[in-house]
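Chain lettering (A, B, C, D, E, F and G) follows the sequence in which the chains are written, and residue indices restart at 1 in each chain.
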Amino acid sequence: MTILATYPVLNFAIHFSFACLTIALFAGLYRLLTGPSLPDRIVVMDLVASLVIGLIITYIMLTGKPVYLNVAVVIALLVFMGNIAFAKYLKRRIEQ
Amino acid sequence: MESVILQIAARHMRPLLIILSVIVLYRGHNEPGGGFIGGLMLGAAYILYAMAFGVGKTQNRILFSPINLTALGLLIALLSGVPALLSGMPFMTGEWVTFFANSAFELKLGTPLLFDVGVFFAVAGMLMLVMFSIMEE
Amino acid sequence: MMEWIVSILLISGALFMLVAAIGVVKLSDVYMRMHAITKAASLGAILMLASVVLWHPQWIVGIEALMVVLFVILTSPIGAHMLARVAYRMKVPIGDGYVMDELKDAIEKGDLDGDSENKITDSIDQEKI
Amino acid sequence: MRSILNIFVRFVRLLLFILYYLKELVLSSLYVAWDIITPTDLMRPGFVEVPIDLKNETAIISLANLISMTPGSLTVDMTPDKTKIYIHAMYLHDKEQFVKKIKGELEHKIRLIFE
Amino acid sequence: MTTGLFIALLILLAFLAPLTRKYLKNAAGWLYALLPLTGLVYYLSLLPDIIDGQVITETYAWIPVYGINFSFYVDGLSILFSAMVLGIGTFILIYANKYMHTYPMRSRFMGYLILFMAAMQGIVVSGNLITMFVFWELTSISSYMLIGYHHEKPESRTSALQALLITGFGGLALLGGFVLMGQPYGSYELSVLFSDPDLIRSGSLYLPALILVLLGAFTKSAQFPFHFWLPGAMVAPSPVSAFLHSATMVKAGVFLLLRLNPVMGGTEAWHIMLTAFGGFTMVMGAWLSISQTDLKKILAYTTVSALGTMVLLIGNGTQYAINAAIIFLLVHAMYKGTLFMMAGNIEKMTGTRDITKLGGLYTYMPLAAFIMTAALVSMAGIPPMLGFLGKELMYESKLMAPTVRYLLLAATFFTNMVLVFLSLRLSLDVFWGKTPQYAKTPKEPYFPLLLGPALLVMASLLLGALPGLLAGPFTAGAITATSPLHPALKLKLWHGFNTVLLLSFLTLLAGAILYRHKHAFIRFAEKINLKYFAREFSKGFYKAQNDFLVFTKLQTSRIQHGYHRFYLMTIFVVASALVWVVIWRADPIMLELNFADMPLNLVAVLALIITAALSAVVSHSRVIALVAMGVIGFGITIIFIAFSGVDLAITMVMVEVLMVILAMAVLYHLPKYTKYSDTGARMRDGLVAAVVGVFMMVLVLQAGTSQLDIPISEFFKDKSYSEAFGRNIVNVILVDFRALDTLGEITVIAIAAIGIFSMIKLTKK
Amino acid sequence: MILILPIILPLLFMVILIFTRRWLFFQQAFSLLASIGLTVLAALLLKQVYIDGATTLQMGSWPAPYGITLISDLLAAIMLLTTSFVAVVVMIYSPGFIDRERQTAGYYPLVFGLLMGVNGAFLTGDIFNMYVWYEVMLTSSFVLIALGGSAEQLRGSIKYVTISFVASIFFVAAIGILYGQAGTLNMADLAYKMRTWENMPYINGALMLFFVAFSVKAALFPFFFWLPASYHTPPVAITALFAGTLTKVGIYTMFRFYSLFVVQDVLFWKIFLLVIAGLTMSVGVLMAASQFDIRKILSFHIISQVGYMVMGLAIFSTNAIAAAIYFTIHNMLSKTNTFLAGGLVYQRSGSYDLKHLGGLYKTAPFLALLFFIPAMSLAGIPPLPGFFGKFFLIKGGFEAGDYFITAVAIAVGLFTLFSMVKIWNEAYWKKAPDGETGNGKVGTSAIAATAVLAAAVVLLGIFAGPVMEISQQAAIQLADPYHYIEAVLNISSK
Amino acid sequence: MLFLLAVVIGVLYGSAVYLLLRRNIFKLVLGLIFLGHATNLLLFVASGLTSGYPAFLRNIAGETEMMADPLPQALILTAIVIGLGVTAFALVLVYRFYSVTKTVDLDELSENE
């Protein structure tokens, strides 16, 4: 992390990003807790997934290890399957 | 009736995920990935397909039944340890072959990679089996 | 110079995500909130990834970043679509100020309940793997 | 020879399309962002039916996804025969204009690439 | 060689008997009897060599590391008992084969009887405590099978169980006792024990060993307070009673006392315990027999009394007492065996063994009347039967007893008086007197049924008439073996006029007087029928057994109550407590907390995880819980990324998504949450959860800051590329360094897959 | 080299059996032959270890303590042989007992999965690898116990799965703490290092966590709940297999860990284990007394008898360990045998409930004998092996001066006898309550298997001498951890 | 940092235990999943934390750069996979349980003991 001492602007940007994403996370949490409908709560997972991609990128910038990008790839690729599963479940509940 | 958009997407993503899973498997020894992650991805390809088209159609798209795929994976993993036995070393001692040595395309293949292939199939097979079993109900 | 560009990209991406999250809190109904989320994923991620690629100008990073973008574009709307679709059908109430609702009519007419199973046109689907 | 040329043309169109789409993305994002952050309320939400003429499935899914990725619109459903698409729009000040934007610009450019 | 072979043959015969009996029919008894008869002859032929203390030993190594051998040790005591076991056994086999003629499953019965004989014979010739114990337990088991012969009758089963439990209890105690005895010697060989008899007596283990051994002996020999199983065992067919419960098995305890007398006897503890329990049992048995009307019950109680007498005499330990004990042992075996067989005969011929329903049998079965009366004469101690000799010695020894002489004398006098009374009653009331209406006309029992009793009575007469010639040499070896310091007395029928003769005479007189006033006497005995020791003891045993079952049921319902969550709660709470105790005992170093090093970004992620976890816990919606689960998964992914776990993070994301899908697929079928628990339960569970959570937290916190050695993974960093050709060390570990783990892991996966597959497939129908 | 075979051969067999799952006869025959092969292998291993001392194998040629070490000392070889033999018997038994659906639904592959896990746990010298084998074994057992999916089975397996899962969690948590502190996973390496550290509170804490985990598997008080809740639910062949293998793995591991890792506060551990042992044996036997289902009685007895083994461990003198090893062998055989005999009763009469049984002594004397032998063995009647097991333990207890626990052990013996006789009285002696004893067809193979095992039980008693001698050798090895450490690390440390 | 991670682990364990003590069978499974997460995290945390140095070698052997301990990661991976297998099985078990007994109340499990 000594690298960042030589890049004060980037350092600031990284921490600023962390701050933004953190606040965003809590916003998502608020929605999870308040709802009101089930789809409202479910989409929080999507939001968190996006924010996690953001966090991963921020960590890449922080540590200088782009290898973490692999995690973002997987999140981008697969998280929507969770939504589909939720949707299928909700659909069944309508049908019943 | 399932969403058309989902069905189209599933059709597109299945080959994509399969190719990616193989890449992930291959890269695993040097980069993030490996048999397990690749296997999950392969399984995910078919789970997505099954969520869009139902289990029956999905099973028609697979050469091996999931349970045989799992067993095949186990067998491959097991056999990857045998070359060592044949050359008198303890089970699972890595045996490596180098192609194009000292060139830009130097390629090392070894039994640990084969082992990872076994993991790949076993995990994928198990995942499919589980999901198909439950989704079929 | 590059440091500045990268920093601005990073911050703007993060800000976009933040805005999307604020949208999730503020917007009036579930459909609107879904808008916000898909967008956070798209533009926010694209901007932030751009900063990574610029800061680490390697092929592999570029490819991976592109993959993230492509996958986000490919998958995120599908998830949102599935949820919005089911949300509408389970009658999650819409907010105030709606100017029209053509979906309701379509559902009542039954336009959306047909069967497309026999209409697979693509060939990529036929081989077994 | 002809097919190579064809591919090249399509590739150029794709690049142009990406630029166009990025422009749209940024503009509408800023618009929505402004609307969210500030207490202004410009929203006129609604569900709109948009007929589509694309035949290629890849083209259809691209259209549907790009609509969703564009701020202000979200693909909610599609008829099984893939002829109509239902969109949740945030700013339905003018339905005709909205449909025209989707069909005339987005769908048209996509068709140029895929068909 | 011979002894071992002989026992092996007996056991073989036991297994052959059930297979062959149905072909041999009536001849079976005679043929089987040849084997014990041969043994009898063999052992009697050893008598001249043995008589002066010589010993024949045989050893077959079994578990030599532990000093356990199949050893045999044949001395005078062994021969005396062998003669009883095999001699009476010979007749019993003949008797039983005829007696059981009409009974079902008699082939198996014969097998058990022979097996028992083998076991009993094994006990008396054992040269190793453990060998002896093996046979000891074998007698318990075979007698269990014999007592439970009428196993379809509940009282048979309960009596068999009762006998087994009591002797089994004794057996276990005995085993403990034997182990303790062997400890100072480092051996269980009798020869070793006898070579240094004071070693155990002077050691600290003596008293516990003694108590345990006595428990074994007392239970087997039906001493108070374990006496009650013996009358209960009378549900067995008469051959069993005649063999096991008079002549042999119940004598095993007495044998044990005699056998161990050289090493365990002679101490004050030995003396007090044997005298007290033996004496009390003697009187109690006699008293309880007075008011019985069942022929076999009477005999059973007199047996209890006789066993008490023997224990008392052994405890006494003087020269006269040991002599008396040995002689009385022989006397009792002969008359009691006869009496039981005759009781069986009477029951067989008349259909009853209630003496109030018997009478005048002399007219129908004169021979039987003669035999039985002769045996009763012996029991009453009237010359010239052997019983007289026994009684004489008994009085003699009491007069010389070291302590409480007159009390013992009175007790013995009382007991013998009752025996006289019973002898009169059993002969006069059964064979003479009023003849009741019999269901069928009684007749003389068949020859095989009378052979044994007749020969035993004759032997008794012979031995009694010529004591110096026959009984003397016969018992001398046993007496020497039991009590090496006291030589055998010279036996003779006539001692001249002395106190003992006077006592004998008075006994007869008193018995006769009592018989004259038998109704009053019986009423009196019934009035003070020592209820507590008779019926109530047995009842008490059943009650204890039932209470025990009630208790176990209660205990089971408390512990294995079926409520899954309380099982889990118990496990969590106990585990936490135990771990904490260990850490606390090891004097943990308490660490200072470092609050400075907390990146804000991670703090937020952690807060997210915590909030999500809590909302999953409190949520009433399963969907919310699952979303929360997904969110937690993402949070953990970030933690993995923040601390360099790339593959971990990828895996976590994928697994989490798949888990959500899977859970949704299952939820698809389940009904909605219902609120089951009340607030109190929630509070309690919350408390438990908090305790476990805090416990784990502290554990991680403490353990995470200390390290005792460098991790072995440095090796992997060195070798990963150079020798395993991979840059992703985590993957190289998985597929190479620790591939065996991964092989196991995919096996788990495969097995789970089969499980899911078969679970769905099998229950589809 | 022979060391790896007991692990990979079952896996190979499992794979083959999965592929051939539809061919019932092949499955039956192959499984029998395969398990016989494993037994022969185990016997060879035992012979080798007996002659040459502990033998090791470094997986993948990576040296200890970095790679995974496989090691077999006598104890491991003994356990391996006994387990394989039990498996052979169960393989003979199963075709005539388990219904066709279950047999083709993965029963045979799962048995080999179980064996793989069990063998792995016996042979591994690596703590995390041990966890993996535990999971292989447990997952197989989860499936086996639920196989068939009757309501009763599902009820039982939910408890079984959950509690086992919790135990596994303790296991992993302990590994985490252990690795964080010591930086090693190799058992010999750890044992060696632990003898150099003065204060290691968290390693000791982790040790207790391990202990809890193994106690759950071994069904010690108060962690045994899963066992009586689940063991009576599957077909009795499966229960018999479990009775002969599963809890014993927990005990084996406990022996191994105790020998290697209990270096501090030894007295505390001893007293603690003695208390646990006493409670386990007495609570188990008392609960057994209250039951009326043959399988439940036998299940509770498993608990009680595990207490004896722990008693031997707690005393930890050579004689006591040897006694516990002998006792364990006996218990694996006799307990399996009683379950199998109970299964015969069930086939004959259609019930396991003593209240509905009766008359079998009269109508089926051979079946009665087949029950009587192992039951009397369990009750400790000489010259059957149960007697020797108990005798050796009592001897070990008295020699070590642990009189109280020995007295408890003796007393528990009586209640064991009570329960066994209770089954005998009710199922065999009593008149059948509804007048007939049932006339179900009893599988020939099932009878044969039970008879083979009963014969083995008798032989174990008769040849107690040689078996005890081997146990004694095993105990000597176990009592001296340096034997193990040196074999793995190739260092001479004394 | 360790402190906060310890708190998270504690909360996860606490939540898991609380869920395991519920009567609803689905919560039981949820509890198992949580327990697995908590333990994986514990394994990760207890074996030392290294920030920003994933265990990848960039150059040829002998490189002595700072790096996170790869071994616990491999162990956790294995544990996660095993956990996945077992949890999947448990989920199906729960599903079967419900479809056979028609109840999700764990207290009804007690009836057969």
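Throughout what follows, contacts are C-beta pairs under 8 Å (C-beta built on N, C-alpha and C of every residue); 3 or more make two chains touch, one makes a residue touch a chain.
In this text, all values refer to a predicted model and were calculated from it rather than measured experimentally.
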Most widely separated chain from chain B, with each centre as the mean of CA atoms: E
Pair of chains joined by more contacts [C-beta pairs], F-G or C-D: C-D
Of all other chains, the one whose Cα centre sits farthest from chain F: D
Chain E and chain F, separation of their C-alpha mean positions in angstrom: 26
Separation of mean Cα positions, chain D and chain B [Å, integer]: 36
Per-residue multi-chain contacts in chain A, two or more chains: 21, 25, 38, 42, 44, 49, 58, 64, 67-68, 70-71, 74, 77-79, 81-82, 84-86, 88, 90
Per-residue overlap in chain C, given as positions that touch at least 2 other chains: 22, 34, 38, 74-76, 78, 80-82, 84-85, 113-116, 122
Shared interface positions of chain E, touching two or more other chains: 560, 562, 564, 568, 572, 626, 642, 646-647, 650-651, 654-655, 657-658, 661-662, 665-669, 696, 700, 703-704, 707, 711-713, 716, 719, 723, 727-728, 734, 736, 738-743, 745-757, 759-760, 763
Those chain pairs that satisfy the touch definition: A-B, A-C, A-E, A-G, B-C, B-D, B-E, B-F, B-G, C-D, E-F, E-G, F-G
Contact footprint of chain A on chain E as seen in their complex: 600-601, 604-605, 607-608, 611-612, 615, 621, 623-624, 626-628, 630-631, 634, 637-638, 641-642, 646, 649-650, 653-654, 657, 660-661, 664-665, 667-668
In the complex with chain D, residue positions of chain B that touch it: 1, 3-5, 8-9, 11-12
Chain F - residues contacting chain G, complex: 128, 131-132, 135, 138-139, 142-143, 146, 149-152, 154-159, 161-162, 165-166, 168-169, 172-173, 175-177, 179-180, 185, 228-229
Residues of chain F that touch chain B when the two form their complex: 1, 4, 8, 11-12, 14-15, 18-19, 21, 57-61
Touching residues (chain side chain E, partner chain G) in the complex: 560-565, 568-569, 572, 593-595, 597-599, 602-603, 606, 609-610, 613-614, 616-617, 622, 625-626, 629, 632-633, 636, 639-640, 642-648, 651-652, 655, 658-659, 662-663, 666-667, 669-671, 673-674, 676-677, 685-686, 688-690, 692-698, 700-701, 703-705, 707, 711-713, 716-723, 727-730, 733-734, 738, 741-742, 745-746, 748-749, 751-753, 755-756, 759-760, 763
